[in-house]
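This report concerns only the one structure given below.
Labels for the chains are A, B, C, D, E and F, by order of writing; each one numbers its residues from 1.
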């Protein structure tokens, strides 16, 4: 019986830890993670389809595999409970982000309007897909999700080459490893997967980030020289101290 | 003499048939066509360059071929009447859509501002090109066409590799077959080519589409469960019947 | 000592010459350059990340090369004065445009917010990169630069594969040759590199561009025929002369 | 302790069944499997690096995943027992074929000379890799294995991007699904994965293959017409019956 | 009725003209055609699968198109007379070469053993395919054809994406235009398509090719300097004249 | 005057140092260089076109750039002394290897028969090209050079897109940095560029390579277990010591 399918949930990082990563931005995260030993935490491939969105949250994962007719017969509506792309959404808790290995496929819409409506109803924040969604015109009009995708398509999720195969397992999202429970930071620069074990250190490193950057930015915009203001030279630092005093 | 070039027109599907496909959307069309035996009606490759546009209409087709100097000498203005990309536009009737096999070329602008202005003047709705147009800044400002393209370029249509070769013949648009007279459905999900012979069945299938979807969407957005509302479970259906009564 | 690094400046074309190319647009430039013997002046690859921007100015150039650990050890902040991507910006004069051969790399952000702020502070107009920038959300919000890029990334400029290698040398930007001192014309159609020696002829050719185009465009938009109005037929020209008289 | 790693073995198809598929060739297999409902059983990507070899046997599978420094630290010789690419070889029985999802990586040599020597010593027949091996000069000189690869490289298996992640699980070999226990048929036409459940039917279909093909081939080679000899026309069949009699 | 399908033959260039091009080689042909105004006569993509073969002959052409289920239902053996890949072979005359636009497809074997056997039986010299053949092991063992291919595959010609659509029409073979009746020159450097109208001039140019090259080659191999022997300097020419006298 | 072109020579590593690297093979070199801090010394892209060849020697380098008509007018024979691909060969000393950044171009034959004949006459060992040569049939028949190429073509070196731009400068060969004077190790596994400063350490590391590998290989081929023989377990080592004694 189909309703016996059980997929495992993820171990979510503490909410406070996730919260500490909000506002950092993917660029700071990528740079600091490099210093913490992760050469390239950037999930290259999916690009913003919801410009301006910036989200942070734990990763639920979904893995697609190539179809083969003896293993999977494409049929969108036959026994929906067997379709694993539904099951990953069943695990949704507020703030979750679904990351999908859709194998780069440009002719399969991993989720459509109804799935994403449910996901948003459950508090999901956004999806990161090495592939496509479907119903993009409706999704953009009716929903308020963060979307990082390779593209969109009118096709449904099993119309052509792939089918949903596993839930909450380690996946490759465009040749970057993403583990279930990683903390995803996604904005208009792109998507970064933060290992939960490094999230604390990352938050620490980012918080010590130079408060003088605002000062420097103003100076640079007014024509000040990089050599003086970025990084701060001794001369620039003196000016900065003065400026800080004046800011009160 | 150049004005003796004659290219054939297309057989247009009945206007009522085209009308019945309006409002369906490319996603519904792709899904239903799969059920009608067309595995993948999606013309992958061209993406929306006129966001928000949604059009339906018969396909005029234009095929480019690679240049070879003994067959075609690139010269934009020499004897314009010999340029076949003009001839496909001569056939324009209100509602028509031009689909072009531009061979994926990213350095040839198949149409520029003047061509597209004429096309719009004749009632053309939009273009689908496995390649580029030119004069995009002016086109976006002055015209109101639907555009599905691989990109844009400053180059003119025969500046580099290709030249217009045939009008209103079957073409491959990024490895999807498109016949002259197919009905094109294009929106922000992408482009679908509907064989005219299947258009009636598609319209029927789409019209029987579940009226309960609106109900389900509301429930899902409010946190209702997929298992109950999509597809409708028995329990969900009872709620829906109640809701329908209340809607009056 | 690091501050002994000296990179050479470019020879800038006369300001009046640059000025004459303003308003021409990349499409006219590409077409006319073809007639002047440059088959394909279009720098294919970088696309507009600042829609609506249209700029003209001389090219400063920056070349990246692949990293090798015995030659370059990735370290963003060690001795910034040795980082050549800073040096190209040191040469910025009002109106300059920086063109970068970033080797097509999608995981290196050649410039970030602070660099680009300095660049704008010095009067820089925009950047053309066969690769990415970083801090795109901030750059779009705080700055007013023209951006033609292959993409954006959270990674910094030497986080993965490449490092800045040479300043103001001839570069290949996505297999188009760009010389330091070329005049760049960039808009929503794309980027064209104009050899300084051809800029005068180009300006001449573009200024003789047909004043009847405005007339023709109106006629075409109203349903007039291409054969009559583009190019102007004898009959069309008579109408045009009449129209011109009436315009006074 | 590392030696506690246990990976599961495969369920091997009956030896007689495998034997029945010998001599069929990948082309006949691919064509007949299409008729049995498998649209495309061909594992496109790996090409013959041992020309002339033709092998049939059950698939052991190995899956690589992208490296991430918190999960895998590249070190070829540290605790070899933890390296899963060794474990898939531990399961080798005479006639086995190892199929690897190496993610298409061209800079990782999944197996080198010593691993492949052990594999041959255990009776392994060959490897199919969506990627590379290493030590190809020695392997070609000293061993007698069938090799279907995307290429070769001097790099070792974890030198760059990937690491061995799972053994004897379903894998995607260049976007074709391969299950552990599938029967692989590989020759100079390429690689076909036969689902064990279809192997019997495939063997039956292939054995009924037309005995007249030899006759037809001779006729065609001598200038006979396709219409008469392939497929056999009535006239051709009469000739054939005569010929068969004469062959005695 | 299927046998009413009629495809047109090509206009073959005079046999003497073809003969004059034998022995020239594709490299000389490509270089001289550039001088005759054909920038790039090289059909890049297909590579030698019959090393050492060198052939010259007129082109029969075959064009594949993408499958669509309402237009083509894949079925290898249903009514073979409707399969156009057979018809191009029906036109074979001794010395002919078949050039195929297989759309770059790597999972369709355009011709198999029986088709190619017939082709050889009729005097065909070789095939050039922007795609694959099937039955390569048998073809290499039993036949003696020149083969320039992108690859080989076990799949039959309509097993996946494409079907044969037109015979003896202009085709694009990997974005090089090839006309029916072009003279193909193919060897281990690759494939060149010679427009029949330029064949005479090409033969003339090639025959005037420097007889001193043999002399120069010997000198260079013995350590002589390029500056002296290639092209021949005055000093080198004097030596050459002397050498020629001695050769008698 | 053209003969005033002077290109600089390279600093060659000591001949003894080069000699010490002979026989190591590219696989050992790549593995040991990783341990010495060079993550990926493998020049991926060029593949063996002279199977069986194995060479070691210092790198002369040649860089191509994209053609632009105002900078380079394609003309194979006009003033040969200006063609820089000749100049890199002028520097040839016995044992040298020429490494070329041909920008991955598949339609330009960087060197032809005469150039390579001169190169061999001067003692050159081989070429590594991220692109093609021309005259491959003659080169394979008449010369005895090592060739690592992306392909071959009938076209000459400036027939299409690129032209020779610089000699003996740092180049990117398919996104691997190669410096003039690096020591190239090339065989059927591929090409490795060894920084001259690391060559000594590499030679040391390779010479300490385990002498027990021969013993282990025999054992493995005879069915011995990896766990015992690779790497040598204590038990295996005891056997090995015994074996060594018996070998005398």
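Basically, a residue touches a chain if its C-beta (ideal position, glycine included) is under 8 Å from a C-beta of that chain, and two chains touch if they have at least 3 such contacts.
Note that the coordinates shown come from a computational prediction; the quantities given were computed from them, not determined experimentally.
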Shortest contact path, subunit C to subunit E, counted in steps: 2
Partner chains that subunit D and subunit E have in common: F
For subunit A and subunit D, chains touching each: none
Over-half contact-pair match to D-E, picked out of the listed pairs B-E, A-D or E-F: E-F
Chain located farthest away, centre of subunit D as origin (C-alpha): C
Length of the line joining the C-alpha centres of subunit B and subunit C, rounded to whole Å: 32
Rounded Å distance between subunit C and subunit F, as computed from the means of their C-alpha atoms: 37
Between subunit E and subunit A, distance of the C-alpha-averaged centres to the nearest whole Å: 50
Subunit A residues counted as touching two or more neighbouring chains: 39
Chain-level touch network, classified as line, ring, star, complete or other: other
Every chain pair meeting the contact rule: A-B, A-C, A-D, B-C, B-E, C-F, D-E, D-F, E-F
Subunit C contact footprint on subunit A (complex, rising order): 25-27, 29-31, 34, 39-40, 42, 44, 47, 52, 54, 187-190, 192, 213, 216-217, 220-227, 229-231
Of subunit C, residues touching subunit A in the complex: 74, 76-77, 80-81, 86, 89-90, 106-107, 109, 112-115, 117-118, 120-122, 134-137, 140, 142, 151-156, 159-160
Sites on subunit B touched by subunit E in the complex: 37-39, 65-71, 103, 161, 165, 170, 172, 175-177, 179, 195, 197-198
